[in-house]
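Dropping the structures in below, format is structure tokens.
Presented sequentially are two complexes of chain A, the first with chain B as partner and the second with chain C.
Right, the complex of A and B next:
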């Protein structure tokens, strides 16, 4: 399995290297869909210039990345392209290893359940065979490395690629069961963009499941584990934040990075839902809706964790999708990360209902983004409403995609416990309806 | 969610769609075409209206008196042009300075990718001369442009004369609130491109030009003047710009309103408007006018010197004076008054022009509806093999078995047809020198013939693809390929139509039927013939003949073929000189898409 992965990595690095050398790189790095005010490389360069002049990089209201990123690029700015390609490769390899490990566990669990005769008889066709699971890790790496969204993001040198690498490493360490590293990478991811904070719920659920700690509020072992994890998480977060303070010698970066993410002052159009809404809103209501929009991102954690408490890895996928849809400055790089997980759920395809519609809409919207942008900004024959309509459609399609996978996953679980061919009470065929 | 998640209703909807597939397709296609033809029928179209109040009335008093003097200046200019053998820069600078303008010059040079045989140029060197009349009444933040090209030979001298006459007259008026820039550009669009790039500090096409020494405010509107005779019978307004962009309708309406007020005959697409829309000949006349406009817009070429302004979001149009055999003549003084009136109205403009909304998208939706229905139908066929079990659950092993093969069988044609497209885009320019050495042809012919050669060679694609594919194509295989191709076509045409409606419409008209009927099971020879007839290159060939027919200048087949070759070379040149998108669009996207359908036809 290592040979195909190596080939894949070589191929994807070649594609990126060719694109870096072409004239397209400049065009791509200006696209609002690919870079956000947080992740734009142009702003990192500006921050570096300010740093070299001995000025705080946050003094100009241009740079909004974290201090660690700017010190990273302070040393490797000449090798920026290699850094970004490396970040993509690290993400892909980490996801590859994580999914391989996860698949082994899924298979082991399925074997125990089969031996214990826990599945109804007519569900045999739902059982996953090792043959079909063999190529899934490779497909995950392929979905990440060859996804046009990832390639665009990497060629634009969007720092989103680095965030993805951190999150992928967090997923890997979590699935491998390493509590300390998991907490450290989670705190790094949180430090980078706040939102990955919601991933602590699936991480905790997964680690507890692995260590056979029951999720029970009355047990001491449950609370003791949470306290341990929280201590490691907060401790490493404290170290990172303190390190940032000592690197810059000031707390400038806190309002400039986290204040910027949470209060959304930059309304440059992007593929998210924030910009148009807050551009149209009366200033009076801004704070209220800001709270509503931001709480929205974190809110889904609770119901999803309750519903998916037995399936933390699927919960990670759902959380990543929710974050990338509802965060304040989303880019296509964020979407690429959760889309890499789609092959892991390939056994759900038979239960998906809107996949055709959704993929058509996603494809059409991706093509329409640059066209409507051109019509709005350059030709003047359309306006911001057109662009926002496509943004809205794009996000609705993403939500449909995610909820479709959610439904399919629950339905498969339902069939596994109640049998595939459901009968109504009167004996006629029953169908499952999501209401 | 109800409709999407309730399986019973979904099944009903899907079966309805599958059953009514072909009638829906035919009806939608017909409705699209009929609606389009209806656009030419006057009662159906909204009366043109002014959306900008400041443009509303023609209440200005035009007083321009100096037509005769302008003609004298024009003759003087002509004499100096002959003496200098090109642009008489020194004379122009002196004359403009004498009229009280701030005068600047800009030199530019450009080497064309291959010689332009229509205009006989290869290494272009020239100078633009422009004078700025500073606004006396307001901060100089906005500007208007009046330009006249300096063309070789005897044409267009009167335009330059009138431009200078207007400059002198405008200088003595005190009501200007915007800078007015009088520009005489050499080598028509190339000079204009250099000047606009210099003015806006951009360089999109790699041209050499010296930076501008003087600038005015941001340009709000521009008119380009073409006038080659002392008296004219009618004025024609040219709107079509680069990539099919059109200026705001208000500008056109303003022009027609002034023509009516002053009593100048004005034509649309070189045709006089008629009032008898209810008669057959009246309707066919307006269809002809509309088709001319559609063809011109679809070509993506700038049809006058104004065409490049539109790229910078500046409303612009070209005004052409036409001298035909009609009795009724208009003199230069009247044209001067017309222009004066227009500039005074533009001077009153308080904010940039608004939007030009297109109501045409519905037509395209109807045409593209067909592809969407096709795609749905194919998806249903693919997703449900005959032994259907409950709620779309299919036999697992079979699906998985064909899955990998499907991906491979779709990916290979896609990659190969796009590589052919890239070859069509790059090879003609790359290989011109080699071709000129090997064959007795000129560079231009070499480029065009290489393009046609690559295009034809692409038709051999299906055989090459099948050699690469190890297994043989299955029923499922072509369905998946067709699904991809149909969706590709729908997205491609939708995006094209958003940018250039006419081009999208013409392509949809020809390519959508192809998408509808192609399967490997139709009669091979006949379908191949139809497919070739409806391919983009043949569409272009027919368009050339049709365009000549519409202009009432029919050509023989021989001449038509030569014209066709020159149209291709012009299209390629437009792309490399001004950044027109039609050639790359056809070569890199439309042609590969068509090749996919060609591939389906020869599926084994």
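Right, the complex of A and C next:
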């Protein structure tokens, strides 16, 4: 499978290189759907220029990247395009290897369950075969590399690509079972933007599953493992934070990066829900709704972990989706990361209910975003409500997509336990509802 | 012989009869055709430079027609006289009609008296014939018809704004009936004049706007003026001094005053092209006379201004109580147009050059749309050989996010790196940007400083009540020690007038100058201010959709749906439960 992957990598690098050299690169790097105040390349260049002028980049309100980005781009700013293409390739390869490993485990678990006769007889068609699972890793890499959202994000040189690479490496090390590296990459991902902190729950669940530690609050081994992981995580976080402090010798970056992410002072339009909400907010309620919206991102961790404790990788997918939809400055690069996982759940397609509607809405909204932006900002014939409406619709479509996959996943699990063709008491064909 | 004579005489008779018939026919046709009489068209343009630097142009188009609209059978063959107005005159038995549309107010103190005065807005006054029985009804119909002809809202003229003046508006044409019951006068001061009124007015001209002086009447220049007035005057006049026959006279007048600063960019030089963006190529072929008069009374020896091309024709006329001299250009003569076959009159004032300042600056915003923009500051060093440094201070509000890495300073096309830059970036809602630079300005050059910015979306409470007016950016300050030709006095204790002792003088060879640029007016994208409640509801709905679907999937489990029993069965089950018997 290395050859098709290499071919895919070469193709995607070619596409990106061609777009870099064209005049579209300038246009794409200005688009608000692709870059946000947190991830824009223009702001990285501005921060480096401020550093050259002798002014701290965090003294103003233009630069909101972490000091490690300054470290990195201080040396590679001339090779920025290669850096971002490399980040995309690393993400794709990491996801490829992670999904390959995950598929092996899924197949092994399935084999044990079949041998233990745990599946009812009529749901044999739900059992997955190696043939159908063979091309899934390649599809995952393809979904990530050839996704227009990813290509746009890379051509715009948005640092979202770097964040995605870190998260992908975290997923890879978690699935491979390496606790230390998983903790290090998680701390790096959390350091870059706070929201991946919610991924610690699926990571812990997965690693505990892999090491056969029962997930039980009363067990000492459970708490001991959590303590180990937390220690490794906090240790690496401490090191990274210390390094950041020593770059500029001040803690200015903390309010500038994390304060910015949490308190949302910049209301530049993007594809998320925050900007217009806080632009039209009554001042009196601003803090309340800010807290509500930020808690909303972290809120689903525990309920989802409880429901999906047997399936931590699906939990990772759900968490990534929730973060991408509800974070304070989302971009299309964040969406591309969780969409890369969709081929992994391709066996759920028979239980998906809204996929046609969702895909139509997503396509239509992606096409309408630049149109309505142009009408509002350049033509002046529309106002901000038009763009806001498409934002709402886009997010509703994403929520529907995620909840549809969740429904399909739960339904398949139900069928695997109770049989595929269920009958009512009187023998007629049953309909399943959520009650 | 007898047959020959007979046939000859028959031929002669036939010829004579045919000739007589032809003459009768021709006479009859002529009688029918020119039952209208002769008509004549004249056009003229008077250009008068005003003392304030503005220029006054007055067009007059006069059609005189020897006909009688009041006759029993209708006039049917119109040539130069517009048919719409002829029909109005005959249908409504109008004796005199004066209508004017004016934009702006005539400043008598600065400009003197106009040739045809008119009030701002629309003014209409009409003398009806004494054969009209219901003057008010006719007046109402007339105003509606004129409203259609001139595309103006004259239908707003009704009894609430119509009067019958008893003494002020006597008939301007011939007429012995002065019973003011037949006079109506109305004004609409609020009426706005625009291209839609000019176009039907131009259509009434015999040559339209295709030939003659009317080609100059282009709306984009005419309406970019301080004063614009177009009028139509219809009255009966005497054909000759004995007044044996009367003709109808239609005068269309257009007065316009062009502003020195709006139209001429402050330079006192006027030409036909500058005023009207057209030149003249020919007179109207239907005009018997087509002339341009330029008032040169204030310029007898040509010492104030010069007119080109020069013309030998001069004429004197007494107008408004003053004898004035005019240079005349006759457009019916081909030599007026010269070898280039177009006439562009040029009036140039001889003025002395003002001493140019050594340092001045301009600033403007470039770019389009509400997302990004660029601030350009231009600094001019007009010293012929000395260069000097200037300190540029820019304070830009926080909502225009400057990108200092896009700062470029160029002089004479080459990069000019500032020797000192102090930049303090802004903090949202706390402090603005501060940019200070020391730039060396090369002699006799323009230095351009450009920096890109991004416009922020503010909270809805942070906008002013008129958000689409834009936000102001304060002036840049340019401070410099400019080299001085005259030695400055460094002794500050000596007795001096106050105006020379404001800025302290440290050295003799230069003086301190501070130049402020223009402030900028920048538009920011605005949210919809009527929407706070709606936005909160809609966004919370979307969050609730997410919450609701995930809640459903987390707390509920799959169950087989059993159809619920009918109502009778349910009641029976309840009774059975009460009895303690197993349900159905």
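Heads up, the rule we're going with is that the second predicted complex is superposed on the first by the 433 of 435 C-alpha atoms of A that agree within 3 Å, B and C clash if a C-alpha of one lies under 4 Å from a C-alpha of the other, contacts with A are read in each partner's own complex, and residues count from 1 in each chain.
Throughout what follows, contacts are C-beta pairs under 8 Å (C-beta built on N, C-alpha and C of every residue); 3 or more make two chains touch, one makes a residue touch a chain.
None of the values given here were measured: they were computed from a predicted structure.
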{"item": "Combined model on chain A where chain B meets chain C, clash or fit", "value": "clash"}
{"item": "First (chain B), second (chain C), both or neither touched by A:371", "value": "first"}
{"item": "First, second, both or neither for A:277, with chain B first and chain C second", "value": "second"}
{"item": "First, second, both or neither for A:383, with chain B first and chain C second", "value": "both"}
{"item": "Touched partner set for A:125, first chain B, second chain C, both or neither", "value": "first"}
{"item": "Comparing the two partners chain B and chain C, which touches a greater set of residues in chain A", "value": "C"}
{"item": "Partner chain(s) touched by A:178 [first = chain B, second = chain C, both, neither]", "value": "neither"}
{"item": "Partner chain in contact with A:61 - chain B first, chain C second, else both or neither", "value": "second"}
{"item": "Clash with chain B, by chain C stretch, listed 129-137, 219-227 or 237-245", "value": "219-227"}
{"item": "On chain A, positions contacted by chain B and by chain C", "value": "378, 380, 383, 400, 407, 431, 433-435"}
{"item": "For the chain A and chain C complex, residues of the former touching the latter", "value": "30, 32, 42, 45-46, 48-50, 53, 55, 59-62, 265-269, 273, 275-283, 289, 293, 296, 300, 303-304, 306-307, 322, 325-326, 376-378, 380, 383-385, 388, 392, 395-396, 399-400, 403, 406-407, 410-411, 414, 422, 424-425, 430-435"}
{"item": "Chain A-facing residues of chain C, complex", "value": "368-372, 398, 401, 403-405, 421, 423-429, 433, 456-461, 525-528, 531-532, 535-536, 538-539, 542-543, 545-547, 549-550, 552-554, 556-563"}
{"item": "Parts of chain B lying in touch with chain A, wherever the complex brings them together", "value": "1, 4-8, 10, 245, 310-311, 313, 355-358, 375, 379, 383, 390-394, 396, 400, 487, 490-492, 494-495, 498-499"}
{"item": "Contact footprint of chain B on chain A as seen in their complex", "value": "125, 132, 350, 353-354, 356-357, 360, 363-364, 367-368, 371-372, 374-375, 378-383, 400, 407, 420-421, 429, 431, 433-435"}
